[in-house]
Amino acid sequence: MTPAKPLPSYLAQRYHGWRATTYDENKFWYRRLAEEGQRPRAMLIACCDSRVHVTNIFGADSGEMFIHRNIANLVPPYAPSGAHHGTSAAIEYAVTQLKVAHVIVMGHSDCGGVRGCLDMCGGHAAELEEETSFIGRWLDILRPGYARIDTGPENNNPAQSLEKEGVLISLENLMSFPCVRAAVERDELSLHGLWNDIGDGRLYAFHGDTEAFEAV
Amino acid sequence: MTPAKPLPSYLAQRYHGWRATTYDENKFWYRRLAEEGQRPRAMLIACCDSRVHVTNIFGADSGEMFIHRNIANLVPPYAPSGAHHGTSAAIEYAVTQLKVAHVIVMGHSDCGGVRGCLDMCGGHAAELEEETSFIGRWLDILRPGYARIDTGPENNNPAQSLEKEGVLISLENLMSFPCVRAAVERDELSLHGLWNDIGDGRLYAFHGDTEAFEAV
Amino acid sequence: MTPAKPLPSYLAQRYHGWRATTYDENKFWYRRLAEEGQRPRAMLIACCDSRVHVTNIFGADSGEMFIHRNIANLVPPYAPSGAHHGTSAAIEYAVTQLKVAHVIVMGHSDCGGVRGCLDMCGGHAAELEEETSFIGRWLDILRPGYARIDTGPENNNPAQSLEKEGVLISLENLMSFPCVRAAVERDELSLHGLWNDIGDGRLYAFHGDTEAFEAV
Amino acid sequence: MTPAKPLPSYLAQRYHGWRATTYDENKFWYRRLAEEGQRPRAMLIACCDSRVHVTNIFGADSGEMFIHRNIANLVPPYAPSGAHHGTSAAIEYAVTQLKVAHVIVMGHSDCGGVRGCLDMCGGHAAELEEETSFIGRWLDILRPGYARIDTGPENNNPAQSLEKEGVLISLENLMSFPCVRAAVERDELSLHGLWNDIGDGRLYAFHGDTEAFEAV
């Protein structure tokens, strides 16, 4: 038995508005996409956070971006185990089936997941350390980042440090996937790391040569 | 060492356009969202497919929807194991921390993941059955659906049947999470199942009473 | 004998810059486009005028727009004759082979071709009336527009009137092509008429219901 | 009656982004261009193909290049007939009115038009031989090239041979225009032939002295 309810009316109303306008203006194209399948140019790995509006920032319309969103935009290390690995499956699909040209990991300011990891590693979040905490166990992916950042009093924004470090860890973990590494080495795929400041709207990209996030 | 490259210029150009228009028009609100944190009303679980443009369909601006996207919009059963469970972590975060009012699972037509599951269960995709296939192991979540649908010659669209069945399985699995079940029983959370026809833009919602997907 | 010379050095230099930056950032995608072919969403018919920078205005990267540019962005009426008809061939190719979803005709302010037509129709450009004038004979397509606009003293901008009328004539002529009409009637193609003010950068779209150009 | 629809919203959004950034940064210059008219240095004749991004390759901003784009970047022979000749009109306008210094013909790899001509001349495309086929009649311009290339089994890329031969035919046809020939002979105009490999981004220019395309 599924206790599902009809769509909340505020969403039903917006959907009808969308269908009468955006859909109607583009229906020929959407039908072709339905018939011929997608050919997205990039995969984006972003946070579930409601304030991270990736299609808007990149003006991406239907068909342009393959988007995976999880807590804190994390990529776990390559570790096949026979269990369900949603993020790894999405990466495998994008790289081996869709053959995207870019994988972009995008972090952001004031990330609740990153703050949770900071609390947990600092010993202030016992509930996240329990084995049954899905959030805690997911944020374990970010633990190596905690060891790398400066958590002393002279760092006035350790959360931001960890947000950016998390992007780098995800990029490193991406390279642990054989399919990703092979595509990068064949020059068929490029990796990109971004950090978005939600309040001022700025975007920063990690530059491998300077080893720093620089304003786009 | 992270082999990250700068943002491709076509995306950098669009980002600058966004920042000068949408961001600029809304900067006061975005700054408040940054300072006060998000308060999304709904969590949406959708597919990574580039043709599923959820914020567009629901006219959702920054701050409105907590969005998790994975292959085939699947929710695994509740099964804490100490390992990384990205989808379960996102659900736990949305329900216990953000206390969203709605969790919406949205499937769609022509889903590559669902087609993969159909092939795998029909014995036509040996590569997906390997233990190291992340895609295959992720789609195992959908296997119970294959047993429930009609795969005989009189069903001219078994893929669509499985796409819809997958939404129901995810809704059932959602109810296996103690935090979800408790919130639903306290009437603080409602669950919703949708299926989107990409080509004709229509949305169908599962109605618990008729046990059918009906046009919104 | 072809008296061709090497590329002027200022263009060679820019090409090398482009290849080291934009091409290099996007080479994976460009290779895929080369292997798999184009799938442009829209055809754009614009003027050759160097000030009309359509890819820039629409942020269109490689692969997005099929672009035909001629003097005064004109579409001749459907008239197969066994001779060379470049514009008609481009339309036929876009609609029947590429199956684009939108055909957009874009006029602009201060169009030299339109001004020539105005002069010619007003009796002030004998050289354009000669049978051997390619410019004059091409602008004959726009002659029916001259009859429709107000050329009296109370119209302080007859050139702009004719620029916009030219867009409408081209849209009408588009509909005289059986392949265009059929695709429009099958709801697989939509037509759009734009006029761009070069100096103030504004774009106006013709709205069929109000029969007027309105600011986008 | 013109069945024109408003601009699709994804293009409207990008236009607004362009106007708030690129236009805004350059508005003084664009206003001057609007008031004083264009003074392009070169005319470019390129293919309509969406993957040929000429302004990008040459870093050309508004006002720099007078661009004519048609199927397969062809120039027909000089043949005034009283009918509409869009390409000839564009050439006449560029050379006699704008007095450009360079006319550049740019072909490219994987050209659909050239492939069509190859099929037609090889007897594999009856539909293109019909008198009413605009595409076929336009590609007749390229027929003399088919006779000149090696179509035997030892040529593993006859399409590329014909793409390059097409550039040479267009250059020869350009010289059949009295206004072009006169300007070239007065040393006021130079002609250039290019071929662009879309996949690897390289540009080759025809050198009259070696009679070969050489990497720029």
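To keep things simple, chains are lettered A, B, C and D as they appear, and every chain counts its residues starting from 1.
Rule of thumb we're sticking to: a residue touches a chain if its C-beta (ideal position, glycine included) is under 8 Å from a C-beta of that chain, and two chains touch if they have at least 3 such contacts.
Predicted model only: the values in this text are computed from it and were never measured.
J.: Given that subunit A and subunit D are copies of one sequence and touch, is their interface built from the same residue numbers on both sides (over half shared) or different ones?
T.: Mostly different residues form this interface, as fewer than half of the numbers used are common to both chains.
J.: So what's the Cα centroid distance for subunit A and subunit C, whole Å?
T.: Centres of subunit A and subunit C (C-alpha means) sit 40 Å apart.
J.: Could you tell me the distance, in whole angstrom, between the mean C-alpha positions of subunit A and subunit B?
T.: 14
J.: Could you tell me which residues belong to subunit A and also touch two or more other chains?
T.: Where subunit A meets two or more other chains at a single residue, that happens at 22, 25-27, 31, 59, 61, 102, 190.
J.: Draw the chains as points, connect those that touch, then say whether the picture is a line, ring, star, complete or other.
T.: complete
J.: Which positions of subunit D touch subunit B when the two form their complex?
T.: The contact residues of subunit D facing subunit B are 13-14, 16-18, 20-21, 24.
J.: In the complex of these two chains, what residues of subunit B are touching subunit C?
T.: These residues of subunit B touch subunit C: 5-6, 8-10, 13-14, 17.
J.: Given the complex with subunit D, which residues does subunit A contribute to the contact?
T.: 21-22, 25-26, 59, 61
J.: What part of subunit D is in contact with subunit C in the complex they form?
T.: Those residues of subunit D that touch subunit C are 1-8, 11-12, 14-19, 22-23, 27, 30-31, 33-35, 37-38, 40, 42-43, 48-53, 55-71, 74, 76, 80-94, 97, 102, 104, 109-110, 112-113, 131-135, 137-141, 168, 171-172, 175, 184, 190-194, 197-203, 205-208, 216.
J.: So in the complex, which bits of subunit A are touching subunit C?
T.: 25-29, 31-32, 36, 39, 41, 59, 99, 101-102, 187-190
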